[in-house]
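In what comes next, chain A is part of two complexes: it sits with chain B in the first one and with chain C in the second one.
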Partner chain A sequence: MGTIRMDRRLFLKSAGATAGAVAATQVGCLKYFKKGRSSAAETKEIPTTCELCPNKCSAIAVVEGGFVKKLNPNPENPKSRDMLCARGNAAIKQVYDPDRLKQPMIRVGARGEGKWKPVSWDEAFDFAAKKLSEVKGNYGPEASLWSSTEGFQEVFFKNLGLAFGSPNLVRHPTLCLASVNLAYSATFGTVPSFDLLNSKFVIMSGANRFESIITPDTMDLIGGVMERKAKLVYLDPRFTVTAAKADEWYPIKPGTDLAFILAMIHVIIAENRHSKDFVAAYTTGFEQLTEHVKQYTPEWAEKETEIPAKDIVRIAREFADAGARALYYAGRRSSWYQNDFQMRRAQAILNAIVGNWDQMGGMVPNAKLPKGEFLFMPWDEPKAPRVDEIKTAFPLAAAGDGVYLKLRENVLSGKPYPVKAWMVYKQDPMNSLPDQAKTLKMIEQMDFIGVIDVQMSDMAWYADVVFPESAYLERTDPVEVMPGIWPAVVYRQQVVKPIHDTKPNLEIVQGLAKRLGLGDYFDYTIEQWVEAEFKDLPIPMAAEHMKKHGVWAASGQPSYGKTLTPDHRFVTKTGKIEIFSERLQEAGYDPLPVYAAPVQPPGDRFRLILGRVGYFTHANQSNNVWLHEFMKENDLWINPKPAERLGIRDGSYVSVSSSVGSVKLKARVTEEIRPDCVFMLHGFGKKSKMQSLVYNVGASDAVILETAWDKVSGNAAFHETFVKVANA
Partner chain B sequence: MRNSLKLFAVIAALSASLAAQGGSDTKGKFFFKKNCKSCHAAGGSAKEITPLSKTQAQWKAYFAAGKHKKGAERIDSIVKPEQVKDVQTFLVNHASDSPQPETCGG
Partner chain C sequence: MAMKKKRYALVVDSRKCINCKACVVACKAENNVPIGNFRNRINEERKGEYPKLSINFEPEQCHHCAEPSCVRVCPTGASWQRKDGIVLVNYDECIGCRYCMVACPYDARYFNEEQGVVDKCTLCSHRVDKGNVPACVETCPSKVRVFGDLEDTSSRIHELLATRRYRVKEPQTGNGPQLYYLL
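On to the complex of A and B.
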C-alpha cells in the first residue's frame, strides 16, 4: 500500500465522509489549513468581475501557486475605473473563509438547531427533488417559492423555478430599489444614470453615498463634489460622512422629504425658473403640475420639514440656476416610507422641469452595448396566478420580481393558496426582510426549504438542505452588459479551481433539473452559454479579448442628447416624459405626488432609522474577516437629550423594542442624530453559528422592524417602525 | 440526442400543444429571437426590429393584418402559425408604451 499524502483538500473530503458516516454531526468551523507554497510558484494575472456587491467592478486576480494572492482594480472598465473597494479586496477571504459551506448538507436536527449531515451531491439532489416533487404532487407547482437576488447566475435559478411550473419567483427589488425604478420608469420610461462627475449642484435625500456603499458613483461624487467643487445639499436626520462632506446639511424631520421637493417645484414654477423649452418639447402634464403645487409653499414646507423656508427658496433658485447640470440624486437606498414612490416621482419631476434630461451633468439615459444570447428551450408558462396577487395589489410593479412582503403575508395566511416549498438562491430573507418572527413563521409552515449559497447564511441555517455554491473567484459566469454613461461588457471567469466540494449555480440547477424531469431545459454548459454571448460583441476576436481583458467598453466620450430629438419616443404611455401620469391615475394612484404628513412617534418612542457602511453594505459580508476588522459590532445611536432623560450612558447596553421584537445593543450617545430618532446598522446579530464572527454579536434590525410597504411599488418601507429604548 | 435536435423536437411538441391556448411571453421571446432576429438584427439583412419598435396598438394592428414584407408575404409563412400568437404576446408585452418598469439585474 502506497503512502497517501494528506493535503488540505483531501483532508476536508475525508473529514466530510467520516462525518457523514457517523450520523448526526454538529458542523463547526473547520479551520482552514494553510498549504505550503513553493517559492518558485507560477504567478498569473487573471481578469474577472467582482461579485461582492451589485456594481460589477472589474478586477484582476493575482494567482500564485493556485492561490489568489491579491485582487487589483482593472482600469479598462470605464465605470469602475481604477477602483476596487475594501469589500472588493476582501473577496479573497470569501474563498478562504473557514466558515464557508464546504459540501452539501442535510439537516438532521430541528430547523435552526444547527445539526447537519454532510452528504454527497447525489444525495442532496435526490433529497431535494423528492421533496419538491412531493409538494408539486400534493399542492401543484405553484406551491413552491423561488427567492433570489441579483447575480450573473441568477438566471438559471429563476428558469428552474419557471420550468418547474411556479409563477412564484420573488427577487430582491422590493427590499431594495423598486420604488426608484418604478418612479423613474413611470416618468421617463427608463431609469437613467446620474452624471455626478459633471454636475454642478447635487441634492440627496438620505442616500449616504460617501459612506454606505463605495461604487463608481461614490468616486464620481468625490470627483464632482470634492474636486470640481459642485455643490452638495444633503438631507438626513443623521450627521453621516456624506453630511460632513456636504456644503449644506439639513437634519430634516424624517418622512418629510416629499414636502421639501414639492416646495422646491413650487418656487421654481412660481418664479418661472423652469426650462420652458424642454418642458414644452418633451413633457406632458406641466399645466396640471403648476396648479397642483400652488398649495405647497416654502412656508408650509418649513413646518413639515423643519428646514427654513428661506433656505428652501434659495436652494430651489440655485438648483434651477444650475439647470441642466443640477441633479436631485436618487442615490442608492431602499424605501423608507409608505410614500416612497411618490417622493421619488417628485424627484423625477423636479429633475425634468429644470431640463437636466440627457445632458452633461444631468440625468443620462443608459447607453447599452450588444451581446449575443444563448437561446434555451422555452417551457410552458406557469398556469397559476402569483401568490402575492401582484396584478391586483400592485398593478404597476414589475411582475417578474414579485412583491416580497405582500407575498409573505399571503403565504402566512395560506391565501389564495398554500405555499409549502421554498428554494432560495444567494439571498438571506431572515435578515433582508423586516419582522424576522414572521419570516420564521413562514419557515415553520414549509414542508421543504433548500438554500444555495456560498456561506451558511441565517436562511441557510434554517434550511433542510444546503447546496454550497462556488465563490465567484472559483467559477465562470454569464457575460453581463453594464449599461450606463460609460457602458461596458464584463466577463467573470474562473480564477482558481474550487477549493471545497462546491459547484457553480448552473450545475446545482442542472443536478436538480435532471431529477425533476426538467433536464432538457438546462442541457448546455456555461462555456456554450458564454460563447453565444461573445458571438454578437462588436469586436474582433471577442472571446479572446474578453478572456484576456475581462471587460470591453466602447471607446470615446459619453454621448449626451441622443434622445433630445423631435421624433424620439420615450417608453411611456404618451411617448413623452410624463409629469402627470394617466397610467397612475388609471391604476387608482395619485397622478401627481400628493403629500401626506407621516405619523410621528408618541412621546415615549423613537423612529428607528437604518443605514449601511461600505465595508458590508449587505448583510452577507459582515462575517468576512478582513471587513470585520473595520467594524465588529453595531450599536444604537441616540441623541444626548433623550439619553439623559432615560438615564442611558454611552457604551451601556440598551434594549430596543418594537411591536414585533426586542434586541439588545450598546448605546452610542451622540449629537449626530435628531432627538426623535435612533439609528442602527444592518448586518449583525446573526443566528447562524457558521457566521462565527457576528453570531449573536450586536443585533439584527430585522428582529424589530415592522412590516410596512410603499403603496405603489410594494417596496418594503424600512423607517416606519417606532421603538422604545431602555437600559438593558 | 444532440442539443439542436432535441430542441427542435421539443419546440415542435410545445408549439402544437399551445396552438389553441393564449400566447406565451416566454415562448414568444424564443420564437421571435429564433425566427425574426435572424434577419431583423443590427447589421442583418433587414431593418432591426425590437419590441420597442412599435406601440402595443401598432403591434396588435400588425398581427391583425398578418402581413410581412409590406404585404408581400403572410406573417405565418415566416413564423409558424402556431407560434404567431406567442410572438405577438411577447412583442405587445414589451412594446414602446408597455408598462414594463425596469428592474435591478435579472
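On to the complex of A and C.
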C-alpha cells in the first residue's frame, strides 16, 4: 500500500471551522471562505504533555470544533515554562498526517515489499498471538525480544514482555546516553541534574544544545549565555549553532575530549585550585587522581586535541575560579567513542573536584515526588538469562535496559540461544542502530515481527503485523513524575478522540494479553491506573488539579545542599563520591580514566561524525510536513580543502562508503567543519513508502555506520566509522 | 471614556535567536498558513573561513510600518492599518493584484493560492485583542521577541528602546518600520 491521503470527508468534518478555507479554491468562493472563518465553533483549552521528545514539556491544546488547532506552552511547568519548540508545535501534524497508520495491517508480500492487508483488530491480535505462541512453544518464551523507547505507556509493553516470560526487554539507552548515566552513577551514586539556569561557566563536548534538540536546558543555557553573562566554552569538530553562540569554540580533534579534560584536572590540581574542603569532606581517591594526572600536561593535551596548551590552562583556571557555579555539562547526546564512559567519568571527576555538587549553578541530585501505584497481578520472573549476556559482558550496565548492539550480535549468532520473535513499541531499530544491513539480517531470521507505532516507521515497514497506536493528543496516559532540581508532576490527557481506527498502547497490550492467556495481568483501565497514581501525589485534590492544569510543581524555589551534611551517604561502595572507583577496578575496568589516543582515519578516509537538528532530532519526525519544510534532504558536510583535492563541488552528489555500506548524498562544501571528518544528519533516506516526504530522499546514517560500542556501558559508539568519499 | 492610544511593535534580540523555528511553526498553526508560505522567517548569514567563522540569525516578519507602502499602493483599500499600528489585509476587498508584495521592502507578504488573496503577519491581532501576545513571541524558547505598546511608558519594549541601542531595516524607504533590532 502506498501513501494514503487523508479521507477528504473526514478532513472536512474534523477541520470544522477551517473547512471553508479548503473549499475556497478561487476568488469566487471567498464568501464561503469568510463564513468559515467567522463561524463560532466551540473552543476548548485542554492541558496536556508533549510526547515528541523525552523532555515532557507542558502544553495547552486549543481545540476548535473537535480539531486541534494550536498548542500553546503551559507556563505552570517550572522547567518548560513558556516554551514549546518547533517539534512541539508541529505535534498537531502527527494527528492529521495523511501517511499515518489508520488501521491494523498484516503483511501479504515479502518483508519490506510494502504489500499490506488492512485487517480488523481481532484478526491482528489473533494472528500475532498465534505466532508468538508458536515461538514460545518451539523455543521457549525467552526466544521473544521486546524492544521499546521511553514513553508514558511503555510500561504496559514491557510488562507484557515480562508476563510472557521473556527476560529480553531492550530499551533505547545504549543507543543514547547510557554511558553518561553509568559514569555519573559510578561516581556520585546517582545521575544529577545540571543547574544551567544559575551556572556561570559551562563547558560542553559536542552536546550541541542550541541546535540538536531544543529543551528547557536550551532555554536556560541561552538565557545564561545571553542575559546572565555566563561563559560557554564549546568543543566540536563542527561549527554548530552552539559554537556560533559560545564565547569560545575549539574545533577539537575528534575523539580526544578525554585528553582535554584530564589536562584541565592536571592544571587545577597542580595549581592547587580545587575545592579542598569539599574534596576532603565528600570524596575518596583524590590522592590517586593527583598521581594519575601528573602525566596529562596541557602541552601533551595540545598535541592530542589541537587545542593550544595556553588555552587549556586558562580555561582550567577560569573553570576552577567559577567553582561551585562551574559545570562540565554532559548534555543530551549519544555516545561517540569506545572510551565514552571513561570520558564521562573524567567530566564527573572534574565537576567533583571544583565542588559544584549540590550547589546553585552546579550539579544537583534530583528531588523526587511520591506517586501512587496501581497494584496489578504479579507474574513469575522470567527464568532464562538475558540473550545479551549483560551480566558477564557489561556487569555494571542497567540490566533492565539491555545492551542493544551486543544483543544483536548474539541474536545473529543464535548464541546463547535462538531468538525468533520481535515485538517493537515506539522504536525504529532500522534507523537507530548502526549497520542497517545487520539489522535487516536480524529481521530476516525472525519467525515473527510485530510493531506498535503511530506511523509506518522503517521497522514497521519490515514487520508482519502493524498495530496503529493513537497519537499522544488522542490518548490519556499514566501520570509522570519529573525528578529534577524543581520536581514536577505532569499529566497527559486525551485532547481529541482518535480520528482513525487506532488504540492506545494499553489496549493493544490488553488485546494481545487476552489471546496469550495473560489477560488477568492487565485487567484494568487507564482511568483506574491513573486514579491509583493520583492518590499518593502531594497535591490537594490531585485528580481535579491535574485534569485542570496538566502539571503541578511545589511552590517556592528549589533548595540546594540537602546532601551536603557530614552524615550523608552517597549510594556508592564507600558512601563517598568516588574519584577512584574500586567497583570499576573489581569489574576489570580502569578505576581512573586512562587516555588512549583514538585510531585516526587512513589517508584517503574521513571520520564520519553525526548530529541532529532540533526540528526532528530523532528519525521519527522527519516526515512531519511542517518540519519537513525546513529541511527536505540531508547532505554531507565536507571542508573545501579535501573537497578540492577530490574534485567535489558544492551541491553535487557523492558516494559515502564504509566497510558495511554505501550511500549517496549531496555534498555541502563548507568551512564549518574540520578537514579530517565529514558530517551527516540523522533521519533521512527512509525505506518506508508511508514516510512519503523522506522516502528514498537523502540517506540514513544507519546504512554506513559500523558496529562499535563503549567498553563499559555497551553504549553504541557512533563516531568510530571511517568513510571514503567520491563523486557519485 | 476615550481609549488610550496604542502603538504595538516588536523588539527583536537577534543574538538570542538559535534558528530553532519554533516561532515559524507556531505561526503556521495559529494562522493556518499554507504549506510553502510563511508569515515569519529567520534570515541566516554565515561568514568566515575555518576556523574563524560566524553565523547570525535574524528573525523577520511584517514590520507594521508607521507609513506602510503596502497600504499606500493598494488599489482597493484592502491593505489597511489599525489605529494601534497593526497592518492587515481585508480579504473581502483584496483582488489579488499583489502590488503590495512588490511595494513591501521586507518581502513580508505572500500570495495565498487557495484563497486568491495576499496574506501576511497580523501580529496575531486576534490574540492581542484578547490580551495575549502573538504566537511567535509566546512559544520562543530563548525569548527573542518582545511585544508591547510603545505608548505605554511602563512597558518592557519602551524600556528596551530607551536603554539599548537598536537599528531598523531599510530606514531609507521612509516606511518607518516598527521591528526594532537590538544591537
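Please note the rule applied: the second predicted complex is superposed on the first by the 690 of 728 C-alpha atoms of A that agree within 3 Å, B and C clash if a C-alpha of one lies under 4 Å from a C-alpha of the other, contacts with A are read in each partner's own complex, and residues count from 1 in each chain.
In this section, contacts are C-beta pairs under 8 Å (C-beta built on N, C-alpha and C of every residue); 3 or more make two chains touch, one makes a residue touch a chain.
None of the values given here were measured: they were computed from a predicted structure.
Following the overlay on chain A, a side-by-side fit with no clash is recorded for the pair chain B and chain C. In the superposed model, A:Asp122 lies in contact with neither chain B nor chain C. Residue contacts after overlaying the shared chain place A:Glu544 against neither chain B nor chain C.
By the touch criterion stated above, A:Glu527 is placed in contact with neither chain B nor chain C. When both complexes are overlaid on chain A, the residue A:Lys158 reaches chain B alone and has no touch with chain C. Contacts of A:Val571 after superposition on the shared chain: chain B is touched, whereas chain C is not. In the superposition on chain A, no contact is made by A:Glu113 with either chain B or chain C. Once the two complexes are overlaid on the shared chain, A:Glu45 sits clear of chain B and of chain C alike.
Of the two partner chains placed by superposition, only chain C is touched by A:Pro73; chain B is not.
One geometric descriptor of the composite model is the angle centred on chain A: between the Cα centres of chain B and chain C it reads 130 degrees, in steps of 10. In this overlay, which is a superposition and not a single complex, chain B and chain C have their closest Cα atoms 23 Å apart.
The residues of chain A shared by its contacts with chain B and with chain C come to none at all. The touching residues of chain C, counted against chain A in their complex, run 13, 15-16, 18-22, 24-26, 28-30, 32, 35-36, 46, 48-51, 53-56, 91-92, 95-96, 114-117, 135, 138-143. By the touch criterion given at the top, residues 54, 150-151, 154-155, 158, 162, 171-173, 176-178, 181-182, 184-186, 190-191, 370, 373, 375-381, 396-398, 400-401, 520, 523-524, 569, 571-575, 583 of chain A touch chain B in their complex. Of all residues in chain B, only 3, 6-7, 10-11, 14, 17-18, 24-27, 29-30, 33-34, 42, 52, 96-106 touch chain A in the complex they form. Residues of chain A touching chain C in their complex: 18, 21-22, 24-27, 30, 33-34, 69-73, 82-86, 88-90, 92, 210-211, 214, 218-219, 222-223, 226, 239, 241, 243-245, 249, 251, 614-615, 625-627, 629-630, 639, 671-675.
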